[in-house]
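By letter and in written order, the chains are A, B, C, D, E and F; residue numbering begins at 1 in each of them.
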Amino acid sequence: MVFITRKFHFSASHRLYDPALSNEESERIYGKCSNPNGHGHNYMLEVTVAGEPDVHIGYVMDLKELKELVNSELINKVDHKNLNLDVDFMKGVIPTAENIAIQFWKQIENKINNNNRKLYSVKLFETENNSVEYRGS
Amino acid sequence: MVFITRKFHFSASHRLYDPALSNEESERIYGKCSNPNGHGHNYMLEVTVAGEPDVHIGYVMDLKELKELVNSELINKVDHKNLNLDVDFMKGVIPTAENIAIQFWKQIENKINNNNRKLYSVKLFETENNSVEYRGS
Amino acid sequence: MVFITRKFHFSASHRLYDPALSNEESERIYGKCSNPNGHGHNYMLEVTVAGEPDVHIGYVMDLKELKELVNSELINKVDHKNLNLDVDFMKGVIPTAENIAIQFWKQIENKINNNNRKLYSVKLFETENNSVEYRGS
Amino acid sequence: MVFITRKFHFSASHRLYDPALSNEESERIYGKCSNPNGHGHNYMLEVTVAGEPDVHIGYVMDLKELKELVNSELINKVDHKNLNLDVDFMKGVIPTAENIAIQFWKQIENKINNNNRKLYSVKLFETENNSVEYRGS
Amino acid sequence: MVFITRKFHFSASHRLYDPALSNEESERIYGKCSNPNGHGHNYMLEVTVAGEPDVHIGYVMDLKELKELVNSELINKVDHKNLNLDVDFMKGVIPTAENIAIQFWKQIENKINNNNRKLYSVKLFETENNSVEYRGS
Amino acid sequence: MVFITRKFHFSASHRLYDPALSNEESERIYGKCSNPNGHGHNYMLEVTVAGEPDVHIGYVMDLKELKELVNSELINKVDHKNLNLDVDFMKGVIPTAENIAIQFWKQIENKINNNNRKLYSVKLFETENNSVEYRGS
């Protein structure tokens, strides 16, 4: 079993709040992350796939293929976007790092998994200091 | 002459557009940076001060003093904020990295300069790959 | 299960030696790390907590709460300190990175664990090149 | 159980191609990585060993010993070398990152493992964005 | 005057040797960098342009334009290439970092300079530890 | 003119205090940096030399020569040492980053400068966030 990882970067804005609550209640829960006009991050994403390297080619998965898949399914949909308003698969989801990572997993799992390889981890850095990792349920 | 530098981090959202132009014209100029719902960054700021170290103490300037000054004058006003809507000294200014750096310089120059030291540079990283530096006019 | 991680930084001095041994024997074991007048590091600490995100809030644990807990229990007690002489929970412990990580785990495990989340990992970087990780016994 | 990790750096050139195939077929599989005159990388290697810290000394393994072992068994043989032509343990192996990591593991596993510690992971970064990890079969 | 900088990455192989000298003489001068089968690096390039921000747009130069120019003039010609054999503007030049930086400057200076802006610096990192900077003659 | 830079790392302890003052006065000036039992850092040092590349060899200065010179004159004398007690050229000097950089400059300037090259800058990072740079008087 070999684990291959590729990093991706995107820049997006978001606001943490619960539309069912008042602004004051959201601010009590999310602090400065609930600023009504939003804020933003340079997110860094690491996608890890596990599998056996092909005996002839020597790849678990061509990283160029992984790059194109993650760019088309995820990065192009979130880069330079507002995560509350502009992203279809985030509709109705509070964009905490935890929830973004879980939604990302759901978007790409089936497109990566086959007999020889499986999505192993989606790790999302909101800042250099804060990250979350989801390895599936 | 010794140059001392301190790094700062803040997370903010912004949108590049000219209110005097149509959305289409702004998009032609600023591309994806003009997304109407905004996007955001983890900005990294480097402030450099030049001077002679005090012969007794050995400091050009106490970095704790520099940290508190930049936090109160700049970071607390832009961190987790929308640069188009929430920051008084950015009102009427298109928040390109160039313009943010120039406004930052104006906010802190007089509070740093004295007989023994001068603000030398404000360098702002919008992403790990893109930065601007202003050293005064 | 989602894993959330926060990074912390502290600067401390230490000396690796066994008080039961002569300086020469400690130097044979620990090499330059046993310099009698000590040396120091900018340590980097990563604390990882595992759990399910709260269905309403979307957090495994508020990172602000984790930050305050680790700062008060660990960072404030070791930052700008001598690990051999100034830290109560390191008394009688040789301050190798392995032992520091284990002591850190013991200080915070009970304050983090509850029905919804558990301390998963304490990873300590002594330098950019050297690190240790403890995941509990 | 404590995991200790040390980073290593080396600079090498390689070319991805299958000698049994034509240049055109190799280019179809490996793209620009099959450039006939080769290309190169600053590889970064992380070696992780798992074990219990010695109760007297406080080390899982002296990192100086690990450094010398990995330098003599791996780094000195690949640094400033061509991985297709200059490295005995890569003969007949297509130098994908996956295959390099597996060969590295085989070279050092027996020299690290004993009653108290085991090689846990070999992680190889080909670039800052691309990495592979092997934890044994 | 504002200085804007963009980073670029490329992976290439090279060999330091003087075709007028014997292999032994080249090895005496360049050490392990003269390995006959070559070696390689992940180079990192920083290109800095100086100018006044446009009063309407707020840019010294659109970084997207700078990115496309440097990619087409430099990166696409050296990435995944052998610097001794595959790059027209390096023909007859010993590919030390100093010489690469000077050749890069010559390739892009005229395409960047105009009435409002000038190429200010080409900085090339061969590894994380080694870099050279050229600011023109 | 080309500027070449090499990075170095060392780990040392220090205490900021003035022996002519009481502990209380030193603490008022230097805060937590005056902790009586000291603290420490992983310092990062960048040494920059300016000159014309040799027309035959293509080097401003062989970086291997620069590395050996800085290691023997500086790094070997400060790595894993106490800067207040163990370093001859720091005797009687308060080890602020400013003063360390100036002393470093004095130790190596004459050994680097010749007709073709000059020491240009000594830049010292005490932490990732704090640095000082000295370019000579």
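Just so it is clear, a contact is a pair of C-beta atoms (placed from the backbone, for glycine too) under 8 Å apart; a residue touches a chain by one contact, two chains touch by 3 or more.
What you see is a predicted model; the values in this text were computed from it and never measured.
Fewest steps needed to get from chain A to chain E, stepping only to touching chains, is 2. The chains in contact with chain B as well as with chain D are A, E. Matching CA atoms, the turn from chain A to chain C amounts to 120°, rounded to the nearest 5. Ranked by distance of CA centroids from chain E, the top chain is C. To find the repeat of B-F among C-F, A-C or D-E, check which pair has over half of the same contact pairs by residue number; it is A-C. Placing every chain at the mean of its C-alpha atoms, the farthest one from chain F is found to be A.
Note: centroid distance chain B to chain E, computed from Cα atoms, is 29 Å. The distance from the centre of chain C to the centre of chain E, each centre being the mean of the chain's C-alpha atoms, comes to 42 Å. Counting partner chains per residue, chain A shows two or more touched chains at residues 128.
Remark: the chains found to touch one another pair up as A-B, A-C, A-D, B-E, B-F, C-D, C-F, D-E, E-F. Residues of chain D touching chain A in their complex: 16, 18, 29, 31, 93-94, 96-99, 101-102, 128-135, 137.
Against chain B, in their complex, chain A makes its touches with residues 9, 11-14, 32-33, 35, 37-42, 79-82, 84-86, 127-128.
Touching chain C in their complex are the following residues of chain D: 1-7, 53, 56-60, 63-64.
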